[in-house]
């Protein structure tokens, strides 16, 4: 979308592979390390002011709140690296949350994995619609998913029609997913982490994963390399939809009361988590782990603001400011490294 | 264009009230601010950037307006201050995007939150609604001697100005050039950064102005005014045929899209069509519009990605 | 009650039929208003149906004047005889409502008033009554001492702010109960959850929470619904019995209050039809029989009072279904 | 036609790939009327033709990017269709496109193996094997390049290396190279020729496209010429002279114009003093006088374009000064440079010189809009007249001036860029690689234009990687190496050896 004029690092690749490469690698890896460092810094600073920040229930709350966003960020990462974006995830989450929990409420004996399967299927169908329109129509995904954001939410409100699913109609075994913990870590967090790790591994180690990066990095080159762009993009959207569908079930288990508004306005927050986590908004680079850490950082920030007792009127402003600081810092570090790199490679050439 | 006619026909056929003067008035009343904010956003999207913070600028302007009124400032002074504030907020976006080279999507998601947050700080739980009736009449009556609302009049006037600038002037040409190929624009002596920053500033001022109108129309200043509208604004601009990748679009298209959007919403309200489904219709329309443009887009995308590649490498 | 209903229906000549009455809740898709309005629950639309009027529920999808206003304007365009409305923001809506009244449309507010621009307000309970009872419930559960907090809706919500003001007043009678924080969940489940969690982390000695909003209390209850907090932190507020059943039954919540929203809607619709038929005026002292609910009298300030809020406990909650 | 091809075929084998009488139209444009070519194992086949002759279109058919509207494609004796790039790749055809197409965010190794990464158990990518394989291939090419490095920021030469490695990794029977040397200096081109020779000896069939006729004659065994989308001739390279080739391409001989006496240069228009941009160039000082053509020579990456960009204000510099006609120029502002009378024809016309999707007329007027306004509004009629006028002066060939400039052939696009700047009547014109990718006839015209300008008293600063061109039209040659100006010599005293020696540092001591 943007066509910024940028001076990129000019490195005589043939000249000095060893040390220069080191720096480049560092620059690229720093995207994630940087965000982890910021997170650590933030936790330390907050804890210094308010030691209770690190008590077990607060950690649990923070993880719980990060879980759904981190999970959604996995799907979003897969889409964004392919130079697309999925703004319909909040609506998909809402639809899946209601339909799956309403089904469970009506059929109390349903095994919980089946409920997840149902949510996944709902999300998958929505995601496939996004993917099909984007890939077949070859139209910008931002526009497509803004449209489906409205459509899916509309379908949701029509189906729900002002009803709601209440905690009392859901079995305890389902609701406890959102509260019970193993070794202090919430069950849904563990589940999500496993899926995110699998997703990250897939993106890094499988051809189809790498091809998504290739598409995002240079669609023309991808076509020339014989990559089935349409199919991969379709797959990315289907995956993102499926993840959003699963998130809907998690949402239902966690919050217990489900009406037609679940997941409203989540889309921009998920994109924000990805961006903070170092996923390049124009595709080609970034990792699911980074995005998940981004979601964790955002959840930590908002939790910290509550724990520090900052007036709730200030909360949103500080949160927005930190978001800007995070992306600016990322950029500033990248620029610094680039210019250091430039000078260094020049000195090496001169020497 | 087709969509406008279709909407009018649909509207009149479903309800004889559709073209009544009262309805035309309320139609303009309820969409005026959104419509106004579409104008600078269209220009920004044509340069290849995006501004998602405009609705928060609206909220912050509304809050500041209320706050200063509570502190007994004279109204003309307040309005001026608010417009200046809008310019400053836009400049912050513009500088972050052009000086730091950050992607505008990310920056303005950030400022969307930040500005809304500052609005909350400014006004907190206070609601200001004792504005003088000289100002708040704009929410009730039409523009003198007409049945058209004030915000609709402002919209039409601003649309004409924006249209002339975009399609008639050197600046307008620069805006397209920047959106199509910022690097070539730079090499042609176009001040790319200044054009972009300037547009963000204009966007801020216009959004602040929309905030003033919004506040007077509802006779209410509160911190969450206008929240959640942003994607509607973006949707209208895209419906108007502006390419999200920049470089393509016309103000006439945006103007018509505003009419379609307003007309459609109004038509739905006047029928017993379930209003929950407004989103389905809006989204469906957007989808159809984009798919209709898609034929040409297939080829355009190819060329665009060459550009994107080159600007990234 | 049954005979009262029979009587009122048996007096058809007094009320016009076929009136266009629009019921405008704050927003659509809100279960509280769905209960208040729908035919199934015996709310406003069921009253209109029974009286032979043409009724419809219309509103925006978000709880803001900007989304509610165009709907009201459209209703006026559609030739309404009466509006039954819960005002998102009185000042924003007033010019339009006044215009409606000037053209002969009856405006009845329910749930949330617009004092200067309506014919009649159907009050679910006095603001003071609501504020008082919630503090009293909590005081009883905490034996009058400990830190407490409030989880409200949005900071700009007039209803909430009035109730909170009365709560603060009532709290003066319980000097050992200390209000440490008011947080805002924006009537959004996720936000309400986060702010509640924040309270728990920030105030380890917190003993009680009041959430005078149905979304907030349900979200807070879900957070407290673990062995760690159950019974140790008391929660009360305004909630719907369906949403709260689980938490009352498992002991997370002992008692909370609410009126019957369906009765509120039913009464408001009845009043609107009475007024639009010119069977009564809005003068204090006028009275009418509102179907199954019996006789109501217009009070000074042109309002009718539904009754005292009802307190739900484990003993009675299963009898309710809304 | 076919018999003509066969007539010159090596006797001891059969062709691997044959395209016969292929046609291709893009809408109204008939890009290819009769595309025919025959590639043999162990042979480098040159393809020449003017800009827009249809060479790249032909290449894209062999690559599976385009499918012929009619005609046959015969691979190892069998008729085939190549519906996609993947199909061509699987058939053993590797293509190095006119412009390198790399994944900037991915590593060199991934770029080479994208879509075909070696796998280990569970269909996972075997990273280690992949890197090792690329290291081997780079070794074969004798190139030092780190396979783990991100492709972003690679020099054009290194990008070509990656493309070549990709082709090698395919073990392709046929390798097609579309103007691979256009962006390379002579030095780097030599490296590439060595690689091509190795491939040829291994029995690979190579199709080599270039506008540099010397190159074609030096490395190709046979040459095919195309004109206006048609196959014109195919002959053994050994039997042809440069003039034969040009005649086949252009349809006539080119008359080498006699340059005649150059006027003496006038007063300095541009003085650059000790200009430094850290990490890019250091202490660059020189002057350009009115009526003088000064050339900046050097290897790719020597920093010539960066100097030009800094003068024009697209880049900033850290120290030093630029003075134009006695007045110091504000740094970092192209509008200021333009106001001072500088025009700049940048090296990458598609990316920097033109807004490729805008009309030809709009592009020509884009830098002169200030003069075409009335009451702040651009007068469209005046703009069109202005553009038509200037394109007539430069003999730009277009079908409609209102059509996007992308529909013009490369040479005409270059003329549009020139027109855009000449229209501003500059005092100093900077031209960066003005003839890159331009056919020989157009090149002559560009040279003529530059000489005429100088005759009119314009100062010209020319950057070119093509030494013959530099020697032919420059009055003075400045040689840059690694960001420094190492030598300045009048063209009368210069020849290819002295300039190359200075550029590569072999005679650094004798420099400035």
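Each chain carries a letter (A, B, C and D) given by its place in the written order, and its residues are counted from 1.
Please note the rule applied: contacts are C-beta pairs under 8 Å (C-beta built on N, C-alpha and C of every residue); 3 or more make two chains touch, one makes a residue touch a chain.
Predicted, not measured: the structure shown is a model, and the values here were computed from it.
By C-beta pair count, the most extensively touching chains are A-B. Each chain gets a centre from the mean of its Cα atoms; for chain A and chain C, those two points are 38 Å apart.
Chain A and chain B have CA centres that are 28 Å apart. Averaged Cα coordinates give chain C a centre that lies 75 Å from the centre of chain D. Centres computed as Cα averages put chain B at a distance of 44 Å from chain D.
The multi-chain contact residues of chain A, meaning those touching 2 or more other chains, are 8, 157, 161, 218, 220-221, 260, 284, 313.
Multi-chain contact residues, meaning those touching two or more other chains, occur in chain B at positions 120, 124, 181, 183, 186, 228, 276, 278-279, 307, 309, 311-313. Annotation for chain D: residues 101-102, 104, 152 touch two or more other chains. Chain pairs recorded as touching, per the definition above, are A-B, A-C, A-D, B-C, B-D.
Of all residues in chain B, those touching chain A in their complex are 48-50, 52, 96, 100-107, 109-118, 120-121, 124, 178-179, 181-183, 186, 192, 228, 231, 234-235, 238, 243-246, 274, 276-284, 286-287, 290-291, 293-294, 297-298, 301-302, 305-309, 311-313.
Interface of chain C with chain A (complex): residues 28-31, 33-34, 38, 61, 155, 181, 183-184, 188-190, 193-195, 197-202, 204, 215, 218-219, 221-222, 225-226, 228, 242-243, 245-247, 249.
Put simply, chain C touches chain B in their complex at residues 28-29, 56, 58-62, 64-66, 69-71, 73-74, 76-79, 89-92, 94-96, 99, 154-156, 158, 161. Considering their complex, residues 101-102, 104, 152, 312, 314, 334-335, 337-338, 344, 346, 348, 350-358, 362, 366-367, 369-370, 373, 376-378, 406, 420 of chain D touch chain B. For chain A in complex with chain C, the residues that touch the partner chain are 50, 52-53, 55, 57-58, 61, 65, 157, 160-164, 166-168, 175, 178-179, 254-257, 259-262, 264, 302-303, 305-309, 312-313.
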